[in-house]
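Heads up, there are several structures right after this.
Two complexes follow with chain A in common, the first pairing it with chain B and the second with chain C.
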Partner chain A sequence: MRNPLGWLLLTLFSLLFFAFIYAPLAVIIGYSFNANPINMMIWDGFTLDWYRGLFGFADRTADPNSRALYVESTDQLIAALKNSLIVAAVTTSVSTVLGTATAIALARYRFRLRGFYRGFLLLPMMMPDIVLGIGLLIFFVTLGMKLSLLTIIIGHCTFLTSYVFIIVQARIAGIDPALEEASADLGASEWVTLRKVLLPQLAPGIVGGALLAFVISMDDLVITYFIAGTDSTTLPVFIFGMIRRGVKPEINAIATLLILASVLIAALGLWLRSRKIDK
Partner chain B sequence: MTGLLEIRGARRSFATPEGGRIAALDGVDLDVGANEFVTLLGPSGCGKTTLLRSISGFEALDAGVIRLDGRDIGALPPFRRPVNTVFQSYALFGHMSVARNVGYALEVGGVARAERERAVAEALDKVGLAGFGARRPSQLSGGQRQRVALARAIIGRPRILLLDEPLSALDRNLRQQMQLELKTLQHNLGIAFVFVTHDQEEALTMSDRIVVMRAGRIEQQGSPRDIFRHPRTRFVAEFIGETNLFDVTVDRIEGEVAIGRTAEGLELRLPGAGLTVGRRATAVLRPADFRLAEAGLPVTITRSVYLGQDLNLFAAPAPGGPEIRVTARDAADAPEVGARVHLAYDAAAVHLLEGA
Partner chain C sequence: MARRRDRLVLAALLTPVTLFLGVFFLVPLLTIAVFSFLTPGLYGGVEWAFYHWNYGRIFGWADGIMEVFEPVYLRILGRSLSFAAVTVLLCLILCYPVAFWVSRLPERWRLVFLFLITLPFFSSLIVRLYAWLLILKPSGLLNEMLLGIGLIGAPLEILYTPTAVVLGMVYVMIPFMFLPLFAAVDNLDRSLIEASYDLGATRFQTFRKVILPQTLPGIVGGSVIVFIPSVGNFIVPDVLGGAKGLMAGNLVEQQFLSARNWPFGAALSMLIMSVVLIVLVTFVTRLRPKEG
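Let's look at the complex of A and B:
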C-alpha cells in the first residue's frame, strides 16, 4: 500500500529539485525580455530590444543614454560565435576519430602497456582545467606558436579525445566479440568488418561522444581563456569579457539563445537515437 | 573414407590465472569425411570449443596440422577459410535486417544484388523462415534467431559447417525439433557438419560419428550405437547415458558364460569368450538391459522415479548395498517401493570394458 505522507514528501522533493535546477535558467529567459536597461532585477515591461541589439537591428540613436549598455559591436559577437563553431566543428571531428580509434585499439588488440595507455587517456579529464590551460599556454609559447584558432583547436582536442574515448569504450564493452568473429567467419576482412559491423554497432556511442565533445568545446571557458589569441576569441570568452564590464541585459538574450541551441542539439540527439531503434 | 578435414597432433594450451598452463588440446587427431555429421561430445572444459575454433581459424595451434582437401589451412586467417560457424550466441548483426544478415557472406563476397536476393530467399526458405527477411533479429524468437544464424552460415556453401552448442539455449521441445531438422538439412545440403555438444542424447540422435573428448584428448570415437553399446572406458560408459558398472572378478566358467563376483558378493553372468578364472573386469549393463522377471537376480526396489511412459527403478541386491538402475514400463503391475523382485538379463548383452 502507498504511504500518502511519503508520497506527498516525495512529490514535493521532486518539484523542489526540478525548481532548483531550472530556476536560474527561467530567470535568465525571463530577464532577457525585461525592458529595464539599468537594473535587470526590476521588471519594467516586455521588450525584444536586447535581441534586436544582438542582431544589430536596434536603433542606437534613439536613446543616447543607454547606448553604452549595448553590445559594442554585433560584428564582434558574430565573429566570436563563428570562431566557436569552427573550433567545435574541427575538434569534434578530430577527437571523435581519435577517441573512437583509440577505444577500438584498446578493446580489440593486445599490446604492451595497454593498461598504462588507458589510464593515460583518462588523465586529461581528471586534470583541473586551470592546470591544463596554463600547461597548454606554456607549451605553445615554448614552441613559439602564435595563439590562434589553431592553438584552441589543439588544446580542445587534447581533452575532448578522452571524453569520446570514454563513451565509445563503454559502448564497445557491451558488444559481443562474436559479432566480429561471425563477420570474419563469413569472409569479411578486418577492414570490411570494421566498416560493416563494428562501426555501425558503435554508432550510438560515437554520435553521443561527438555531441558531448561539440557541446563541451562550445562551452569551454577556462582552458580557452589561456590559449585564445586576441583575434581568436570564442563565444564564452567574449561573454566573460562582457560580464567583467558589468552584467548587461544582452547577456540574458545571448544566454537564452544558447539555451535554445542546446535544447535543439539535445533534441536532435534523442531523435537520431529513437530513429535508430525504430528501424 | 575420403578425408575432407584432417587434423593431426593438434595441441593448444592456455595460461591459467594461477600461473600454470592448461592443455585445452593435448594431441588430437581427427578426420571428417565429406557429408559426414561428426559430433564432438564431452564435459564442459574438455576442449571442444578450442578444437572448433582451430578449424575456423580463431585459435592458432601450438603444434599440429589442419588440412582441408589436402591443403594445409593452418596459416589462413578465418575469413579465407571455406568453413562457416553457427555461434552459440547466434552472433546476429542487430543493425541489419534478417535478409541482410543471411546474405552477408555474399555481400562481402561481392555477389550481385539480384543473385544475392535470390539466394537469401532460398536460404530463408530452407530454414522455414520465408517472409521474415525484412525483420530485425530483435523481432524474432530464440528458435527463429537460431534458424537465421543457420541460414547465414550455409548460404556461402562452406565445405564444413561448424556448430558450437547451437541448441543449448532452446527449450526441450524446440531443441528436439531442431535436432531432426538439422540432420535433414545436413543430408540435403551434402555439407559436412562438425557439431559440438555436451548433451549425449543430442549426440546420439544426430551424429554419423561421435567423438568423445576428455581433458583435451579424444577418448573414443565411433557410431552412436558403437559408442553407446561398446564404450571402451569407464568415462565413456558413464558419460553416454545412464549405466550400471560392476567391477567383478571372474569366479568360474560355465560353458559359454563366465560368472563374475563383485566385492559385495553379487554374482553376474558375463559373455565367457576370452575370460579366465581370476580375471578382473568391469561389466556395463544399461538400465534397459534388465527385465523384471520370475527368476534371476533377487533385489528390493528402493526408489521409483516416474518418467511418464517409463519408470526409473533403483534396486538393491542387498540392503544398504549399491543400487542397480533399471528402466521398466509404467504399468498397473509395476513394482512398488519395497517390493522384492527378480532382475533378468541376457549374458551375451553384457559389455566388458577393456583393460579394466
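Let's look at the complex of A and C:
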C-alpha cells in the first residue's frame, strides 16, 4: 500500500464493520444469562434460569404464572424444532437430487432449450419470498390441499433446487469431460460412467449444495409462514410468533442456542472444504 | 443409436425438475396473476368473475362504491422502492472498502475474515433481527448506554421508525452484498492500477477509470441480489418498523392473513413481482455477455 495512513484508516473502518456485524449477536448471548426478569437490558447477576425453563426444568416452586408459560412453550418449542428438522431433511434430499440432475443435464448435453432452462432454474431463487409464499398458499388452498409439513416441504423444494443447481453447476464447470469420454470409449454405459466417473468428482459440490439447502430450509421464515398449517409450525415461525407476542427472556436463550448451532454448522462446512483440498 | 440413448438420459435427468417446478412454481405464479383479476367475496372468499378494480384501487380508477382509490398504496409501494434503494446504497458504501481491505490481507487473515462474513449467513435471520429489537428499544442497550454517558437526556425513539427498518435490512443483507463485491475486488488486475499511477493519474482518476469499471459486475450483481429481497421484505418492517415503516410486503401479508382480501393482495404482489422482473431483465441481461 502506498499510503500507510490510508491503510490504517481502512483497517479501522473494517474492524468497526466487523464489530457492527457481531455486536448484536454478542448482546443476545450476554443477556441470555441476565437474571433480571423485568428489564432484561439491565444486568442483575448471572443465571441459567432461562435455559432451564427452555428445557422444562423450571423451578416448580417459582412464580406459578411464569411456570405455566415455560411448560407450555417447551412442548411447542420441541415440536417446532422437530418439524424444522423433518422439513429440512426431506427438502435437502429432494432438492439435491433435482438440482444435481439438472446441472448435469445442462453441462453435459447440447439441446435447444438449454438457455431457457438456465434462466428458468434461477427464477425461483430470485423471486421474492413473499410472492412465492402467497402463490403457493393460493395454489394449495384452491386445490383443497390441507396445509401441513408436506406443503412446507414442497414450498422449500421449489427454491432450494435452484440453490443446489447453482452450486453443483459451478463445480461441474471445472471438471474435464475427457474422463467421461474415456469411460464411454472403454465401453461403460451412461449409467456406470455417471456413477463411477462423474458423481465422485462432483461430490464436493453436491455436499456443499446439500449443506446450503439444509441451512436455508432450517432458517426459512417467509414462505413457511404462509404455507404452514396451525399444527405444522417450524422453529423460525415459532420464534417469530414469540417475538410478536412480546419480548421475553427465554427468547434470548433460544437465540443463543441457535447462534451456537449455526457456528457449529459453519465450522463443519469449513472443515469439509479443507478436507477436500487436502485430497 | 447413441443419439437416441443420449436423448433418453437427458429426458430422465430433466423430466422430474420440469414437472416439479412447472406445477409448484409456474402454476402458483400464474394463480397469483389470475386471482388479481377476480372479485373479492364479501366474507373473505373469492368469486370467479373478472374484476379490474383491484388494480383500480391502487392506480386511481375505482368504482367508488365497493372500492375506493387510496393514494396510500402507491405511497407505500414507493416507500418500499426507496427503502430498498437506500439499503443497497448503504450496503455498498459499507462493504466496498472492507472488501478491498480483506483482499489485501495476508492469506491466513483473509480466510479468517471471509469466514467471519459468511458466518451470519448461517445464523438465523429472525435471531439477528431480534437482537436489534433489544438494542433499539426505548429501554434498550443503545439508550441505556447513551443515557449512562450523559450524551442524551431522554431515550431516543429509533425503534418503529424508518431508520430502524433500513438499519435492520442493511444488517441482514450485508453478506449478500459483500461476497459478489469481494469476488470482483479480489480479481482486480493490480498491474493496471500501478500503470495508472505511473502514468500520472491521481487516486480519484485511478479509481474512476480503472478500479470502478473492473469491479462494476460485482457492484451490479451485489446490488441486484440485495435489492430484490428488500423490495418485498415484510419481516424486517414487521419486527422493527411501526406504521411509518410499513412496506409493500406488510400490505400483502395483511390482505392474506388478516383482511382476507386475497384478490387485492394478489394484485399488490403482482406489482412487487413486476418490479423484480424489470430489475432482473434490465441488469442481468446486460451483464450476461461479459460472463462468456
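Basically, the second predicted complex is superposed on the first by the 262 of 279 C-alpha atoms of A that agree within 3 Å, B and C clash if a C-alpha of one lies under 4 Å from a C-alpha of the other, contacts with A are read in each partner's own complex, and residues count from 1 in each chain.
Rule of thumb we're sticking to: contacts are C-beta pairs under 8 Å (C-beta built on N, C-alpha and C of every residue); 3 or more make two chains touch, one makes a residue touch a chain.
Predicted model only: the values in this text are computed from it and were never measured.
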**Q.** Fit-or-clash call for chain B and chain C when the two complexes are aligned on chain A
**A.** fit
**Q.** First, second, both or neither for A:Leu48, with chain B first and chain C second
**A.** neither
Q. Between chain B (first) and chain C (second), which, if any, makes contact with A:Ala170: first, second, both or neither?
A. neither
Q. Just chain B (first), just chain C (second), both, or neither: which does A:Glu181 touch?
A. first
Q: Of the two partners chain B and chain C, indicate the one touching more residues belonging to chain A.
A: C
Q) Should A:Ala19 be classified as contacting the first partner (chain B), the second (chain C), both, or neither? A) neither
Q: Determine, under the contact definition given at the top, whether A:Ser262 touches first (chain B), second (chain C), both, or neither.
A: second
Q. What is the C-alpha-centre angle with chain A at the apex and chain B, chain C at the ends, nearest 10 degrees?
A. 90
Q) What's the minimum Cα gap, in whole angstrom, linking chain B and chain C in the superposed view? A) 6
Q.
Considering only the defined contacts, which chain B positions touch chain A in the complex?
A. 56-58, 77-80, 83-85, 87, 89, 91-95, 104-105, 107-109, 136, 152-153, 156
Q: Note which residues of chain A are touching chain B in the complex, please.
A: 176, 178-179, 181-189, 192, 196-197, 200-201, 203, 279
Q.
Considering only the defined contacts, which chain C positions touch chain A in the complex?
A. 5-6, 9-10, 13-14, 16-17, 20-21, 24-25, 27-29, 31-32, 35, 94, 97-98, 100-102, 104, 113, 115-120, 122-128, 130-135, 137, 139-141, 144, 171, 174, 197, 228-229, 231-235, 238-239, 249, 252-253, 256-257, 262, 265-266, 269, 272-273, 276, 280
(Q) Going by the contact rule set out above, which residues of chain A touch chain C in the complex? (A) 1-2, 10-11, 13-14, 17-18, 20-22, 24-25, 27-28, 31, 39-42, 97-99, 101-102, 104-105, 109, 111, 117, 120-121, 123-124, 126-132, 134-139, 142, 154-155, 157-158, 161, 190, 215, 219, 221-222, 226, 236, 239-240, 243-244, 247, 251-252, 255, 258-259, 262-263, 265-266, 269-270
